[in-house]
Structures are given as C-alpha cells and as structure tokens.
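Structures for review follow.
What follows is chain A paired twice: with chain B in the first complex and chain C in the second.
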Partner chain A sequence: MAMSVARFWRKIPQRYNLVGTTCTRCGQCFFPPRSFCPDCRRAGNIVDYRFSGKGTVVTHTVIRTASEQFEQMTPYVLAIVKLDEGPRITAQLVCAPDEVRIGMRVRPVFRKIAADGKSGVIYYGTKYAPAE
Partner chain B sequence: MRDVAVIGTGCTTFGEKWNSSFRNLFVEAGILALEDAGVAGEQIDGLYVGNMSAGRFVEQEHIGALIADYAGLASHHIPATRVEAACASGGLSFRQAVIAVASGMEDIVVAAGVEKMTDVASGASVDALAGAADREWEGFVGATFPGLYAMIATDYMNRYPLTREQLAQVAVKNHYNGARNPIAQFRQEISIDTVIKSSLVADPLRLFDCSPITDGAAAVVLAPLERAREFTDTPIKVLASAQASDTITLHDRRDISTLDATVAAGRRAFAASGLSTTDIDLVEVHDCFTIAEICAIEDLGFCRKGEAGRMTWEGATALNGDIPVNTSGGLKACGHPVGATGIKQVFEVVQQLRGEAGKRQVEGAEIGMTHNVGGTGATVAVHILGV
Partner chain C sequence: MVGIITYGVYIPRYRIKVEEITRVWGANANDITGGLGVFSKSVPDLDEDTATIAVEAARNALARRDIDPGDIGAVYVGSESHPYAVKPTACTVGEAICATPFMTAADYEFACKAGTAAIQTCMGLATSGMIRFGLAIGSDVAQGAPSDALEYTAAAGGAAYVIGMDDPIALIHRTCSFTTDTPDFWRREGQDYPRHGGRFTGEPGYFRHIEGAVRLLFEQTGKCPKDYTYAVFHQPNAKFPQRVAKVLGFLPEQIRPGLVVPELGNTYSGSSMIGLAATLDVAKPGDRIFVASFGSGAGSDAFDIEVTDAIESGSFRRDAAPLVGQLLANPIYIDYARYARHKGKIVMQK
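So, the complex of A and B:
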C-alpha cells in the first residue's frame, strides 16, 4: 500500500543512517528508536544514537510468496539480526537463500527496498550483507 | 462480579464464500446464535464484534453499527462495539462481552466475529494481514506473516528436537478433525507427504503448514449464570477469561520461540479458575501455522518446551489422545476468517461440552480451553469453559 511522502521522509535518518536512540541513564540502545525507556520510564533520558549496523543473524527465512510490493523480488532472504549494540531488527539479507546461517556476521548496505508502482515513490533503506 | 454463561452459539460454514457478503455472513451467524439461545433480538443489551480489517478487505469501517443495523436492531439502538486485535479480535470480543455481563452493566450480550477476506486479491490480503505485525519495521522491509512464523520455526528447530515430519503431523491431525466438522473449509484428510511435498511459502514453512484465507462469521450469546436456565438446559459456564500483551514485533521478544503473552494469559486463566492443565479435556489453540500449534501446546503448559513435536507425533493431541488439540480442525483445516476465529473456538468448545460434536466428539468432555493469538503473539486471549 502506498504511503505518503511525509510518512517515509520522517524516518529517513533511521532507515538510511541507522539513527536510533539510547537512554543515558541505563545505557540501553533502541532501534527502531524509542522515545520512552521501558526500564527507566519517566526517569530515563533519551538521546539520538547512531548504530554501527554490524550484527549477527538470529533466525531467518526465505520469502517465496510476498505481498504485492515485493512479489517481483521473490525469493528473498529475511532475517532477524541482533545488532552489536543490543537491539534486534528484522531486515532483508543480500545473499543467496542457501547462504544464510544462524550466527552469520552481517554488515549494513544501502539498498532500494520497494516502490509504489512504476511512477510512485521509491523507498530506500538498509539491507544486510554477509560480513565475512 | 457475576458468573457468566454461554447460552447459545452459531457459526456459518467457513470457506471461500463467493455468494456471501460481509453483512450477510454476520447476519447468518447471529440468527443461528439467537435461535440456539431462544433469545429475541430486542432482548439484547449489547453487541461486541471482533473484526480485524474490514477497512482493508471490504473498505468498510464502522462495523458495530452496520452489523446491528443489518441484524434488524437499528430501531432498538443497542450499543454495538467493534473490537480489534488482529487475529485475536474474536477472542477479545468474547472477553469484552464476558466483562460486560460479569460487571452487571449488561445482561444478554452477543459476542461475534466476522471477516470477509476473499473480496480482494491474495496479494492484497497478504499485505492486510501483515498489518498485524509492525508495519514500519517488519512489513516495510518485506516481512510477510508466514515469514515471521517461519523465523520462529527456524529458531525453534535450531534449538529443540522437532522433525519436519512431526511439524507436518500438526496439519495432518487438524485435517483429520476438519474432515469430521461440517463447518470446516477443508473437509478432507491429508498425509505427511501432502505437507512436506507442498510448495514452500517461507522456509521452512510450506503451503500445508499455513492456515488459509477464509470467509466466515461466528456468534455466541452470553447471560448471567443465574439467568441462563431461562434460556437453555445446557448453559456452559465461563470459568476464566484472560488476556495478555507483548511487544508488537517478533524481533523484540525475550525469546523468539516462546509466546510470553500465551504463557501469561494461560497462567492467569488457570489461576482465576483454580484449574490446571490436567483438568482440561480439550483445547482449541491458535494454529495459524503448524509451528504456532507446537509453541501454543508448550507455552500453555501442556508439556515442556521442546516436547510438543514428539507429543503430536505420538498422538497425544489427537481426538482420542490425552489432550485433544483443535478438534474443530483448527485454523489450518476449519479455516481462519481472522476476526471470527476466536468466537469459532468458543463455538467448538461449547459443542464439545454439550456433547453435540458428532464424529469428533471428545467423550465425557467437561472442561475446554480456547487460545487466540493476535499477530505473532503481541495479544493473546485465553478462556476456560465448563459444563
């Protein structure tokens, strides 16, 4: 489903540059960013934090039946990646389906994610590639 | 709080119902439930309807009033409320109705669920269902719903002894039950081969590991237990109603292969009823994918983590097993009209406890449980019902 330009634009720092947040009171890092620390709650102090993007594959799948926006990209590898700073994220991996392994080290790469048809907005973001 | 009883139930057949519209589905189930309860429309004090995404599936919002209207109740102006929690919408609708009756605010209350999913192309329905997860941080990057459960399966099979055949047995068992259920979408038995030779949807899950796209509606009528016998000789008591939430994304969970919301809701239901797993005669669990049934059996406490595959393979969850699971055929074989599923689970348990389940009757069933999951486990509703 198409999203408005503003909705995508608002998240560009996060999707392009992996800008999340951290709580300076407890040191936890959040990606995607949270504006409220679940542990320190109102006593917490949230500031921006740029992630290195390096991480490890926790679990994975190969998507063979996708929603309309991703139909032409199947099969593609999807994984949960644990970033070195702590949080886990869901992301596409830039590798062959038989290449992905639990525990595999990955690094971020800037890629096209999807597009709204032939004349609509092109969405860019971060995918992950094998780091070794 | 007052004790609450189910006094009537109704359910449409489940399937690709090309001849039925969203509103016709609901009216059909509602009339069946009211007839079963011997209740007239004007006696209804409140209506709750579980519906995930009529906005996406039929471009219709404002479901509560629409349904009350087409049920012929517009002139009675009854309170009608839509309840939404993705695939757990039905379970939460039931719980809202239980709370309304238990509190004394309302007496005769209808809890319903409805979903019309086949009026959009399958790609659009896959996209709508992905809204049950995090649109910005799961759906945006290409995560589908089967893909998220597939990542649970990958994690689970890496950590626990679950074979491909054991996982397939969940679907085989549920199709066996579905073949004996007149409302089921798929009324034929399948073999292990059917499952493991079907096409891959999201590795390791194959087509026959997945519940289908389904149209359907279900409704139940609730009353205070003290008034239940005015309407029926076989009231079914609501022994516990529990609900829990967790992180919206799968990746933020404490443990990818454990639905902590299931654990929490299950514990709350057992604590509220004073019962334990050994008291339960049958359970309807949320098997949107085969791996989900494996996790549910364990997370509700029917066995330890890692044992549900072997338990399923050995027949303990079959109709004649120690703890029959998904006697209706589950979401896999009975079908999964998302908003209706939680109510259909109650419909099935009530039929079993009344001894009206025909060829899939669990002999002597007196206490049954339902387990309804929204998303990948961000919402869970658990209910215990008894004669």
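So, the complex of A and C:
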C-alpha cells in the first residue's frame, strides 16, 4: 500500500537527513522528533537537531518474505540501530545477510526505499551500511 | 579566480566482468576485452539510481571541506538516466545536502558530457557573482540493451564538484566547447535503451569533437600537451582516450591516473569527471590538468586546470572521503542473472 505524497513530503527532513529534535534543557535527543520533552515537560525547550547518523546494530533480522512494496528486495537485513546520540531506529542495512552482526558500527547511506508503482513517486531515504 | 572548491565521487560496489556478459551472448571474450580494453563494469544495487549516486557523491565532496550548504546557490545534475522524466534530480540532491530552499536547480542532459556542462554553468554563475558556490554533478546508471555493444561498458557512478571563487583547490583557467548536431547516439522519449550509429560514433563523433575542443583551447591559451602534468579524456572504452591522447600529442603517463575505464566501465555523465577526480586524488600543487569531455549528439567541453596549494592545506581533507582507487577496490562480482535483476532487465508479472 503506497503512502500519500503529502505524508512522504512532510517527512523528507527525517528521511533524508535524520532531522529529529533535542531538549536544550536536559540534552535528550529524539528521533522521530518529539515536540515535547517527556522529562522536562513544560520547562523543556525543544529545537530541531540533525543526527550524525552514526550508530551501532542492536539487533537484526533477515526478511525473506516481504510486503508487496519490498518483495523485490528480498532477502534483506532489517536492524534496530542505536544512534550515537541515544535514540534507536529501525532501518534496512545494505549488506549481505551473513555480513551483519550485533555491535557492528554502521553509517547512513542515501537509497531508494520504495516506489509507488511504475508511474508514482519514488521514496528516497536513509539506510545503513557497515562502517568497519 | 574561479575553480574547484572540493570534489567527491561515488561508485556502487557491484561489478560484472565483461567475460561474463560475453558468456551469455556467445561472444569471444578476448575479442571484446581486447577491442575495448575494458574488463569489468560497475553495477548499481537494487536500490541505487542516478539520484542516490548523485547524493552520495555530493556528500563525499562536502565531507572534504567545511562549506555551509546554505551558501550553495545552484545545483545542476547532468545525466542521461534521471529517475523521473519530469521532476528534477537536482532538487532531491539539494534537499539531501541541506542546500534548499535558497538555490536555483536544474537537470542537464547531454549524453556523456552533461556534468561538465554543469561545471561550465556554475563557473559562469560564480564568476558573475550571482552565487557563492555551485554544485555540478555528473551521475548515471547507464543503460545498454541486452546483447548490444553498449552492454559491455554501460556502468554506474558519479562525481560532484563544488565550483566557486573562495580558495579553490584547483583553478579553472579557461574552458571552451565544440558542438554540432551529430546523431551518433540517441534515446527517443519512452524508450528503455539508447541506440547508436556503431562505428559512426568514432570519427565524426568522439574524435572530431574532442579534437575540435582541444585544438580551440590550445589556440586560445597558447598551451600545448607538454605544458600539462596530466590529461583526462572521456572514456567510453580504453581505446578511444588513448588514441585521441596520442593524436593530440599527450603521452601515456599523462592520462594514466585518470584512465579508470578498464575496471569501472563507462559511467556516461560521470566518466571524465571521475577520471578528473582520480587525477586530483594524486595531484600536487602546481600540477596542470587538461580535461576534455565528450557527449554524443554531439559536443566536447575542454578545461585548463591548475592545482593550487589549497589541495594540501588544512582547509581541504582529501582523505575525509574515499579516493577513486578505494571505491574501485574490493568489488562484489555478480553473474549475469543477478546483474539482470539489478538492472531491471527481467520481465516481472504485473
């Protein structure tokens, strides 16, 4: 099921450049972006924050039977990556299933995530590649 | 004076050997590799296209020098394989490097020389003071029809150059072009693969235009081949650039660092720009580099470039992004079946 053009467009800063938010009072970083600090609450001050993108693989799996949008990519590695600033994100890894391991350092790469058929919008975004 | 502020390259990791392609079509591997001087070519991953390659090359360029992306006032992407027929690749690149929204942008198409045309445009905009920095990219996931001669060389890769006046690592003293209406290679609207005039692409296309641009630049500058440390020519195969270099009076050692086609293949709009990057990877202050691109259709852009002290200064970190030699190292070789899947050549059930 393709996402709407508006929904993809709204999230371009997050998808292309990992733009999240940070609370300038306590220093916590949030991805996806939060507009409210859960700890500082109304005393907090939220501003945009661009993550370095570097991180470590916390855990991973290999997708061999994918949903329709991703079925041409199988088999592919899906991982939870802990960014150096703290948040964990789920992302695809561009490496062979036998290359990935827990604790592996990774770096962001710009890739095609999916496309809305042959005539629809192409969704670009961030995947991860081994950085070692 | 206007020049190159920084540069970056991206080449996908996958390769197919020319020998593997000849196996599928029953051709003689020695005849093909001997005739072309090309032994393998790069292949994009399933999720790579001209836009992703352009973004990675641009990010590699920006990694080498501290430039505020907001100071990039123009982004031009040259390619003959833009992912959209209508919607600029340059906007995706601008967004992915945080250069939007105060910039102008457009996609260029001129077969294999659209990227050097983008460099010329950025030179004009920077020299006139309209912009501080311009980003010129040549990027392609080149297409070759199954069993066509182009299939042995059509490769994937790209190079990005930031052009400006502030402390360039290489000055561009002069550029000139030689352009005519020559139908040596084309792709009609809606067609998947380009067609070409076979041997006609040689003399009336490649050689006439490159020689025309080079001789014009020599006439304008009073320079000759021995005034240059290095030379880079468009490299659709390894034979053409070596022959044109010889005809013009350049020596084999002058073109050696920039001759990347034997392992890489022809990256079309990326070709001469990756060759220039490979040359800048080894260049020292004072080195003089001659560049002549070629685009079918047809035209050639020639450049007279001089490397400055800035390339070895603290403001430029050549090792902050991969060198061309590093991008060519450790490839993953794939067979024709996997190559066909990566290039979308397998007809799927709709």
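Going forward, the second predicted complex is superposed on the first by the 132 of 132 C-alpha atoms of A that agree within 3 Å, B and C clash if a C-alpha of one lies under 4 Å from a C-alpha of the other, contacts with A are read in each partner's own complex, and residues count from 1 in each chain.
The rule is short, and it goes like this: contacts are C-beta pairs under 8 Å (C-beta built on N, C-alpha and C of every residue); 3 or more make two chains touch, one makes a residue touch a chain.
All values derive from a computational prediction rather than experimental measurement.
Peer 1: Put chain B and chain C onto chain A via the superposition and say whether they clash or fit.
Peer 2: Fit.
Peer 1: Looking at A:Ile113, would you say it contacts chain B, chain C, both, or neither? Reply first, second, both or neither.
Peer 2: both
Peer 1: Using the superposition on chain A described above, determine whether A:Tyr123 touches chain B (first), chain C (second), both, or neither.
Peer 2: The first partner, chain B, only.
Peer 1: In the superposed arrangement, which partner chain does A:Arg88 touch: chain B (first), chain C (second), both, or neither?
Peer 2: first
Peer 1: For A:Gln72, select first, second, both or neither according to whether it touches chain B, chain C, the two together, or no partner.
Peer 2: A:Gln72 contacts chain C only, not chain B.
Peer 1: State whether A:Asn17 touches chain B only (first), chain C only (second), both chains, or neither.
Peer 2: In the superposition, A:Asn17 contacts chain C only.
Peer 1: Please work out whether A:Val58 is in contact with chain B alone, chain C alone, both, or neither, and reply first, second, both or neither.
Peer 2: In the superposed model, A:Val58 contacts chain B only, not chain C.
Peer 1: Is it chain B or chain C that touches the larger share of residues in chain A?
Peer 2: B
Peer 1: Can you give the closest approach of chain B to chain C, taken over C-alpha atoms and in whole Å, for the superposition?
Peer 2: Comparing every C-alpha of chain B with every C-alpha of chain C, the smallest gap is 12 Å.
Peer 1: Quick check on my understanding: which residues of chain A belong to both its chain B contact set and its chain C contact set?
Peer 2: Touching chain B in the first complex and chain C in the second, residues 73, 113, 127 of chain A appear in both lists.
Peer 1: Enumerate the contact residues on chain A facing chain B in the complex.
Peer 2: Residues 1, 11, 32, 58-71, 73, 76, 78-80, 87-92, 97, 102, 113-114, 123, 125, 127 of chain A touch chain B in their complex.
Peer 1: Chain A touches which residues of chain C in the complex?
Peer 2: Those in contact with chain A are residues 45-49, 51-52, 55-56, 59, 83-84, 92, 95-96, 98, 348.
Peer 1: Which bits of chain A are touching chain C when the two form their complex?
Peer 2: The contact residues of chain A facing chain C are 12, 16-17, 50, 72-73, 94, 109-113, 122, 124, 127.
Peer 1: Over in the complex, which chain B residues touch chain A? Could you list them?
Peer 2: 121, 123-124, 126-127, 130, 136-144, 146-148, 150-155, 158, 199-205, 249-252, 256
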